[in-house]
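Order as written gives the chain letters A, B, C and D; numbering starts at 1 within each chain.
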């Protein structure tokens, strides 16, 4: 289908779809995103939904939304505020108005603005009619009735017909922004192929929405957003959780080991379990354990057997697993612990994002219990960092934390698909013959380079040995209560983890003379990057660096920090990395914290930086 | 009984009893300690035993020892090295020789130095005879046969008779150091009252040992150690675990609440469970839970009901409890978590001491999850700090960690028994009437002073409400996903814990011009104090300060740290408090760490300090 | 029971109920709100403690005291409360994942101790809140988000498990049968000690129709075997008989003699009979006993705890702090 | 079985055994070392995984692969190993505290899944390693360090609990009866899937004589009811009969007719019969069935896991990394 109305070219747009949890906003957003990715725009997304499966209809807590930011240039955040807000009911308007700047376009399903629905969320009068939206560009459309009308020829109840109104809205938006329709049509066909009536309803509503835009006077112009310049290659749109799952598969393939995922479902990590469950053809074993502890326990068991034990969870699960992770530290077995962080403490805000498990990952175990800690910066970086986590775990025989978070786990971006050949090597190097002077096997004899211990898996003839969680004697690994040995082993484990080779921190400073560094870790990369672009465009010199290795830190980190007048560190916690850096390097970083369950906006970071830059 | 041989007066002595796990060395040490305490000496003890209940007889890992340091002045450590070593078999000699300085007295049961026993621990020749102990004062006595001989009139098997040889040794040492005998006789009578034959055997052996010293030529002199000057009052000897248990009872009595101890047995914390189980007459409920999590869970449940929920454990148990402690943080309920630290990580060194759970207590939970953290300095200080922990938990409605460790838990010292009236006040202040403007109850309305929330317990009419682990709305406590509320609540919980009133840090510096501060926390107090005395005696100016409040820190701590040229911080970990202080105050403390499962010796700290002082 | 007379409304909190339309949890809530006045207790004496899951939202909707705790731990938390506050009526709300997966250990221990808890296990055979993974009661081969090729685990029978764990009261009922549900709540409330009620609960979103056979009016009466103390165990078409080994079998009424049909007795001390009943239904739900499987007397845990404390105090006198501190070997320094 | 012929000595490690003199663990160890050659497996194919407790030291003394893990978690860790390495023979060593207290959840789930584990539960009815607190199998009223006035908890029957958890193989034996112990190990080893063996084990230090009745030669034969498939269940003086409800009773042989005595059948699918047997003994140990209570076939967990993977690969082909990465909607940027 081709658009015939006048076309305005935009460099970027932020669209937010908002409706009831049952209105299918996540699906609508996903589809629009896929279509947008195919057009070659760069993009980032932010799904946002309540912790209830389906909170009460028509209430503010029940609102689910999906925000998409796309443009003709490099995009690294889902956008601070929507240019276009699509709202399916009064609750969605109520919940999203505060974020929506004056002048924005608001598309409303006016059918839902009944007195009852309005009063449910505390509107005394109808905001569409009472003038309170005068400073916005409002399109109040009878979305529901138009959908029902379009489906009149199908034998559906009104309720059934109404369910397709999200497709009507999607059709309309697709028209407005010239999104291709074939992909979504194919998608619907695949999804509802076995239910022809529902398929027909969805396709009809989708096309009706498109046609409505094309035909009606209500929309005078349509918009186009040119593709973003991107490195040549084949791309796909990918979310953090999927990228992370693929990274694990890739690592196992490269290393030639079998993945064993021991996991207990938990938001927002469950999708990794779901994803890997689908990939049994890779020989992956997914074990939905009876609890968090069994998940990590079974993973350790599989690692002991020579597999790659992985456990995926979120903060409360890490808390429960911490004793078993400590066993992993003592046994010196490979173990990858994926923590898709969410709002805490306790159950906290299960569907919201946060970076507040860093210190738990570092210190949340009894005794001196060092683990490697990594954090991906973006959805697609989850792929690379998952491989890195597996590599370190396997090569150093150590538990490795991978700290993703709800924001990058569910958010997505275009990803240039790497060739398999370009992926890094992983050398597992299992023991096959005795390594002792007298023909015995010494399971705690170490590689002098990496300090990794000799690792023989059951089934290896002649290397039978026993390991355990009690302190081990150097070399032999037998139980030892010797004070000097304990001191030695505690320091050796620390040295092993401290000595893991990680790349130096890279500084981005085109001016080469910035005096202020914006430092980040994990998912704050997007907003920090975007803020840095804004600051530089407005004439400020500012350097950016992003930590993906939190333990050990890159070797050059101390020097880097000390070479700037000020280091600004935004975190979605109360300053956890700041505390680590201060403790390690005695450097007075300027912590800029927020704990709102939401990623930073670009504007927040720009303002925080300006406060420092303008001193 | 009165000693008739020449008497030499000493100012202090260190005695170590060492034997097989089955030889009753802990009992022997305990008895000698009680008798010594009664004489008015100041003292400190160090029990040291293997993790096995009874490791194989006659082997080095099976050796159990008990060291006692007593004197006519203030004693704060169990002594760096024994002046007198009592060894019951070759394994005990083997295990303890390295610690024993030349010139020391060694009393040996030569009956046990058989070829078989010697070779079991790798002695090719008999060290008593081969001259290798020439630089020691060795008393090689046929302890076993003398014991058997003394009991010949009783109808015992040889094996049964041999079991009393520890009492023979105790009797001998009691003679040597003029310990009173009535106490031990009473003790034995109480213990074995129901088994007259065993009682008779023990008493006879005990008296035979005493008489042996008095009669034989082997011992030419006996020793006396004058009482230490102590503040007037009634004293008893007390171990950290008992003092801590009594502190909990005292706090409950003062506050007028019922103790509910939810615990799962674990070394070295189990004795608190045992102690409180005996005190049912105080209305204490002890609940031996199915696991660590149930222990803390049930304690939280009891606190919710208005009791004082307590859970006692060691490091691995804390790891398991961490999710539930996070719930306590969110619910803002009183909860006292006692961690009697032991060697880690993982199972580690279960019967040895360490201070390596500090960072776990601080950060071992998901999300921003602040808890109060306290640590007692000495066995008797466990009493005061237990009361302090209960006070803060009840008054601020917050989980409080109390970090004891294996050393002070099992070690003992004389304690001036406080009068009940002198104990601090605890105000629980439960809500009984609605506190909202409209007559409603607002469970998260806070006391402006302490930020403690309003707390109504079930049974309180009209204040029915629901709480939970999901983020709570300010004031009402209902579920809230609101970003601003979350940020506010995270900061409020931090402010509440950060604002707990703790006394200023007290500095001990008689010179008033010391430039170096020796800082400590927890059980290092004794060796640090002793080192400071030595340093001052040798002409050095040095200040000492000891932290008992680790979170929040005393308000004056930053100023204190910055007012010294150097701050030396000995810790039995890899520098955990050092890391916290560096992070908080950007001060470059000199960390002096050891992780040997043993307390510091005075000498180690003196040397570490001299390295700094002599720069 | 007592003079307090309250109504359903008194037990309805002001919180908006947040379950999906059609969720079985609504009917259970409504039945509970209607039943609570029967307890004859003032609202402040009643506490609901839940874990995490859709079902665990339950306490928010009741105008009593309540705690929405963490996943799986409700029985432990509630045990602490019930033991220290025997004056309260303590209810635990849990799901098949919450109770049988992560919380399995606390459940079996609460049951063996006979802690004073009424435990309502909402069994929808799925993890609802985390959006549809198989649970420990899901039938083998179930296709879910985490088992796209079918689950492999043999499911638990919550009733068998509870009986293996020395439960003194075990029952089963169905969300949609309000009368039966209410009767079962009543029986549980009257029981002293712990009572486990398995409630089959429909999750229309992730496991819709799981219990249709036992709910639909055209199949229901054939499938349900209603357990009534002293009554023969039959459905409309079938009866339960016992073979020579005491194993129970379900046979068409036409094939058996009325006199052969087992007469239900919930009070047998030996749990074997109740266990045999629990094996009649498997996950295929061909024949499903509902009602009270077992209801025997055993001293509840908090009674034992408080009797012990009282006995100690009676014997040794109430503890005196000063005496405690001054106990042991003491000496005086002047 | 296979050609490898090894002896007890081959399975004895160089580690000094560290239990108290007289501990029942010694006999179990010795029986195991003697039995292992029978498996016909090379040493490297055998793995022992334990939790924490005195008993959990066991793996150190066997010249096989082994892991002394953390408290209660051995069944979970071993499940991970067994599922990913079906070529290994995986044994779990655990105590009554380790398996039934902190590890209760992992135990019941391993059993219902039928994970390929032989689980040896050393039941000394006490926490040995932590120096004598009551355990979940201690008799009510037990005086221990943590229960100076007597414990209040109703004990578990490990056998009943396991049967309630869908266990496919459950047996009981005694540390001191080497022949019976060895037979039971053999039966467990031959069973596919999970096998739970409860071993009554004397702890001379903290619970001495707990099992004297069933060990002393003058009482033993009266107390022990030896379960042998196809044989009537009797002790020297008593026999087991079934009442009309299928509940089992122990009666003096003098009072019953030989024909009434129940013939043991370990292979009955319905676990009710085995459950009935498990109720014969309570903590008083008046009559104690020993032997294999239940031994039925059910597909072991790792078989199901690997069959599923194989089926998927057979249908979809082996996974190709490049194809995976390039799946979904892709586009080309030039």
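As a working rule, a contact is a pair of C-beta atoms (placed from the backbone, for glycine too) under 8 Å apart; a residue touches a chain by one contact, two chains touch by 3 or more.
Note that the coordinates shown come from a computational prediction; the quantities given were computed from them, not determined experimentally.
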Higher-contact pair (C-beta pairs counted), A-D versus A-C: A-D
Greatest separation from chain C - chain, by CA centre: B
Centre distance in Å when chain B and chain C are each reduced to the mean of their C-alpha atoms: 44
Distance from the mean Cα position of chain C to that of chain A, given in whole angstrom: 39
Approximate Å spacing (C-alpha centroids) for the pair chain C, chain D: 29
Residues of chain B whose C-beta touches two or more other chains: 51, 61, 280, 290-291, 293, 316, 323, 326-327, 331, 346-347, 468-470, 479
Set of chain C residues in contact with two or more other chains: 52, 70, 101-102, 104-105, 109, 136, 149, 153, 305, 308, 312
Residue ranges of chain C touching chain B (in the complex, touch as defined): 13, 15, 42-47, 49, 52, 59-60, 62-70, 73, 76-85, 87-88, 105-106, 109, 305, 308-309, 312-313, 316-319, 321-322, 324-334
Complex interface listing, chain B residues touching chain A: 50-51, 61, 293, 314-316, 318-320, 322-323, 326-327, 329-331, 343-352, 354, 356-357, 359-360, 362-369, 468-471, 479, 481, 483-484, 486-487, 490-491, 493-494, 573-574, 579-580, 582-584, 586-588, 594-598
List of chain B residues in touch with chain C within their complex: 34, 37-38, 40, 183, 227, 230-238, 246, 249-250, 253, 258, 260, 262, 279-285, 287, 289-291, 293-294, 297-307, 309, 323-324, 326-327, 331, 416-420, 458-470, 478-479
Chain A partner contacts - residues on chain C that touch it in the complex: 16-21, 52, 54, 57, 70-72, 101-102, 104, 127-131, 133-134, 136, 145-149, 151, 153, 205
Of all residues in chain D, those that touch chain C in their complex: 101-105, 108-109, 112-114, 136, 149-150, 152-157, 160-166, 242-248, 262, 268, 270-273, 275-276, 279, 298, 301, 304-305, 308, 311-312
